[in-house]
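Next come two complexes, and both contain subunit A; in the first it sits with subunit B, in the second with subunit C.
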Partner chain A sequence: MSNLFDLLVAGLATGAIYALVALGFTLLWQTSQTINFAQGEFVMLPAFLMLAAMHVGAPFWLAIILGILLSMILLGLAFKLLLVDPMMRHGVLPLAIATMALAIGIKEAVKQFYSAEASPFPSIVPTGEVSILGHAVSLQSIGVLTVAILAVLGLTTLLNRTSLGHQMQAAAQNPTVARIIGVPVERMIMLTFLINAFLVALASLLITPIYLAKFSSGEVLGQAAFIAAIVGGFNQVRGAIAGGLLIGVLDNLAAAYVSTQYRAAVPMLFLIAVILFRPQGLLGRAEERTV
Partner chain B sequence: MSGFARPLKIALGLAVIAALIIVPMNFNRYGLFILSQWAVMSIAAMGLNLTLGYAGQVSLAQGAFVGIGAYAAAIMTTHGWPLPAAILVAIVLSFAIGWVLGYPALRVQHHYLAFVTLAFSTLAFLVFRNESWLTGGIYGISNIPRPHIFGLATNKPLPFYYVCLGSLAIVSLAVWWLIRSPWGRAFMALRENPLRAQSLGIDTRRYTLMAFAIGSALGGVAGALYAPLTQYIDPVPFNLSLSLDLLLMVIVGGAGFYFGPFLGAMIAVLLPEWLRFTEGYYLMLYAVAVMLLLIWSPTGILGILDRYLAERRTKAASALRAVAKSRLETVQ
Partner chain C sequence: MKSTLVVGALLTVMTATGAFGQAIKLANVAELSGGGATVGTNWKNGIDLAIEEINAKGGVLGRKLEVSHADSQSNPGVARAQVQKALDAEPYVLLGPGYSGSVKVTAPLAAEAGIAQIMGGEAAELTQTGNKFLFRTSFGQQSSMPKVAKYIHDEMKAKTVAVVWVNNDFGRGGRDVVVKELDRLGSKVVADLSTEAGQADFAADVGKIKAANPDAVFVYLNEEESARILKELKRQGVTAPLMGETTLIGQKVIELAGDAANGARGHVGLTTDAPVDLIKAFREKFSKKYNYVPDHNGLKGYLAVYMVKATTEKMGKVDSKKFADTLHGLTIKAADEPGILMDVTFSDTGDIDRQSFLVEVVEGKQVVKQVLPKVK
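Right, the complex of A and B next:
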């Protein structure tokens, strides 16, 4: 029933979502050396913001817009100003640990203020299947892939083709020189936090219809995104994308061909192998601060 | 802590120890359970403090070692082995696995190491859950006996609390000795400046592995006491959140301070009990408090105390200097 082609398509669809999350993760690392251990919870939260908006009577499309805007305010602006900025002077590790505490806080807040139970979440793509090359492919997978590809294309165009993107890259690669040539580095860093918030909100919108909205779902998502980011290469946009797709496919293949009990172990073992033998990631450059 | 006079410190220490022995005598079953849990978690956090606080190696796997120790003790004691033998096996097992887990630390640092150890935590949890022939799977292991120490049964909560407290005392003394030994100094050298440590002739490879192995072994000890304490174990308590909790204990108390883990474990174990009235909001408040604490002082609560004492010392020293200077001037 489930043959290789179906597994690959499903894997690429989840992988594309992982890639979005991993992408935001690496952006934060590149511009501000923030290791966001709450990234998974960042994906979990926007779905609940959208559900809450629908609870007070907003139609789905408005809830999506409100959810994305609120995410950008809470997970972008407030995260940067209230936690990252004051922690920045203490170094990489204390900030990373602070984000672990943030992860606990977000999880508990959702559990307390919304619900400890899983809630269904409407899909932006209609259910159904189309036939491609003689295989039935769900519209859901196609929709997820399309949105994710558009988001990645939009982001790479922004980074590589526009002046704003060049300024962001300059701010990430060498803040001192960027400042000298007049790049508003602080504003660029803030922009990456907003982009990250947008990406996680988008990922939330895509993945929650598949896995339901639950306060604890961020743990698995966060781990998948970390693994994707490290496997692909922490300092590369295309690394995060490749890593995300790879982990998505690997995850789905493991579910089919390895015992379901040890399914979760496969990406972990892969991660350990990559860190041991190629710590800069499959597509990453070796970098002084990573090793 | 060096701001206090020595006799005062000794008196304070004795008073705390006496209080830990005498006060719980009137506690009910639940109070004793919580205090025993504090002792056990202090041991695990002390191990992590060696790895993280003194040697500077991040580990998100301490909870897995508590699990390994707990399963070792549960399996052995339910098969008729005495607890001390089980503790020994837990130590050896955790030490060996910790040693192997240290190898990635030779190649990668900081957050990469955090992710390797995180992956290990997840793998260990999967083994606990799936290898039901050994661990009982999701049903766990029940009826774990409590030991007889010198012929005395410790089935009742109070005697077993003394077992936990005694173990904590032994571990505390051993760690106290360790961090004052050349090894402890080598660990700190590793944390402060690995390159310089190496150029001074310290075998950084060996000490990195050692820091992991010893820290993990203490996690195993804690686990071996946890199993007879709860008398029932299943995989759930040993998932990633235990590792995160232990990490936060070390950080909140003060990483790299000897008394940090005691304080951190006290806050993590006792505070939920005192904050019962907040109901489900407790963990949320804890998370916010940890973030505020880290913003204020990334070296934890003892870091604040340490800074305050250091400030007072510099003030006292500059006052002395001022007096000496004015005397000098009057002589002239």
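Right, the complex of A and C next:
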């Protein structure tokens, strides 16, 4: 029983990170029909940007800020202007394939210019434990969960409670009408790319102390987040959150109760079941678009 | 006139080499480039250092040693081609490669040619195929794991043990031997956890260890995964002592795992930090010649050449056909041959028995805590 509790907490912590990454998937799809297969590498890269900043002497807090800013420039602005915009004209599929190429490019670049070996990465949360309901829970798990929940709350508040959020919703739901009523649709789309870049940088900051900074670490994350987004419902923010948490817990339970070899297969089987029986995802709605 | 000069020159050369006898030719094939470049370069430098020393003292049975170096590019296919080429030149003994995979594909070639091969590979299976010409320079798993099990049982006094291993040839080989030995000694394996190479998340595995509540945890993973599990063990507050092999307490693991590596213990077959005077002297000579501190592969290359010297002197002649037979079952004592650094015995399969070391990570540094004696 105590084991189950530990597994649930660890699963929720990992799942919260998946949720952040899955959220980005959903946002990009909603506003610009971009399926970003480089999303995993987008999570891997900011950690290296932060490490590079620390190499040139920046303290950790400054490296975090620089890393997030650089991510927003490279993975938000440059990604949209240099890859998405030119490719979008040719349709969803060429763009999706271009993002696959980008994923390979980022991975190889990190391997070439940084290292093929893993590097340590400092944690923003101190190690230690607190007792919750008689169970020892690590501060790191709590920290990861807290930061991820705050980010999700912040994002949903922005989308649902602010004028900016409503404009983004409008741009996603019906760009033509939104344009007519004066919503700067292009700017709204750019904003979602910047938000996605911020979310992946945050996920990078949270997951890298556990997974270590390595050029290949995006593969697992990208796949998990993609499954999470589909399972939860590709067209709903809350779907991405629920999907992320669910896949995190499922992955951990599968590793513990099925086997480590088949841990990756369980979320896949779940994905197939969802596609067969509820193609719009657990919380998604058929044929509707909203952020 | 011209021909007289040529004959004269030839005669001079023959006399010059004749006084020393014909050189004994060794061939080395190692990982001089590619992923294993560190392994191969250390190994090669160790060989060169030993040959320089031996030749300076008059060679072996009055004959100088010579070695040719070939690069396997860390690739078993290239290694096979290079070994074939080296064997065509009929060397006295073949040295290398260092990677088990390359040894596996080249060993049949050397055996077919009847040339002894002294190599750096550590996979258990290498010496289990009945090859009569293959010799190790370091422990195979079948030699190191019994020592690990004995330490867990006798010194850690662990009645229950969790065993975590990586699901590949290396991990499974080590796991099979250690579980068998622990069982024989009476320590119960309460959790037997297979993990995947490259695995990122160890929360579930550590959860299982925690639930099993063992007296000790044996960790046998590759270096990056070792670092990840050490961090996760710390994160989940597992306090049972941790035991492993070189892969748990290596410098890279310490760098990656940080604080979480402190207290981890590991069995190390060869280390240049060993509290053995001859090894300290080796380290000093090596560092002076090459300007860096060698790793255990430097030691292995050095030992390989001294194995050739000791065996040849035991035979009293240079006979490549009888070399392997002589080395089987041979014990070389450091008192008689200081270059062998520690007393060593070779089994009929080419495996070695030698003392080894128990290393603990203390405040981010490897500290040799204990010298573990030879098994027999």
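Going forward, the second predicted complex is superposed on the first by the 285 of 291 C-alpha atoms of A that agree within 3 Å, B and C clash if a C-alpha of one lies under 4 Å from a C-alpha of the other, contacts with A are read in each partner's own complex, and residues count from 1 in each chain.
Rule of thumb we're sticking to: a residue touches a chain if its C-beta (ideal position, glycine included) is under 8 Å from a C-beta of that chain, and two chains touch if they have at least 3 such contacts.
Everything quoted here is computed from the prediction, not taken from an experiment.
When both complexes are superposed on subunit A, subunit B and subunit C fit side by side without a clash.
When the shared chain is aligned, no partner comes close enough to touch A:185: not subunit B, not subunit C. Of the two partner chains, neither subunit B nor subunit C is touched by A:54. Using the contact criterion defined above for the overlaid structures, shared-chain residue A:210 touches subunit C, although it does not reach subunit B.
By the touch criterion defined above, A:261 lies against subunit B and subunit C together after alignment on the C-alpha atoms of chain A.
With the two structures brought together on chain A, the opening angle seen from the C-alpha centre of subunit A toward subunit B and subunit C is 70°, to the nearest 10. Legend: residue contacts after superposition of the two complexes on their common chain; A:96 is shown touching subunit B, with no touch to subunit C. Fitting both structures onto chain A leaves subunit B and subunit C with a minimum C-alpha separation of 6 Å.
Counting contacts as defined above, subunit A residues 261 meet subunit B in one complex and subunit C in the other. Residues 58, 103-104, 107-112, 114-116, 118-120, 122-123, 126, 129-130, 240, 244, 247-248, 251, 280-281, 283-284, 286-288, 290-291, 294-295, 298 of subunit B are the ones touching subunit A in the complex. Those residues of subunit C whose C-beta lies close enough to touch subunit A in the complex are 167, 193-196, 198-201, 203-205, 207-208, 210-211, 224, 227-228, 231-232, 234-237, 252, 255-260. Those residues of subunit A that touch subunit C in the shared complex are 2-3, 6-7, 10-11, 13-14, 117-120, 127, 129, 136, 138, 140-141, 209-212, 214, 216-217, 220, 251-253, 255-256, 259-261, 263. Those residues of subunit A that touch subunit B in the shared complex are 35, 83, 86-87, 90-94, 96-98, 100-102, 104-105, 108-109, 111-112, 219, 223, 226-227, 230, 261-262, 264-265, 268-269, 271-272, 275-276, 279, 290-291.
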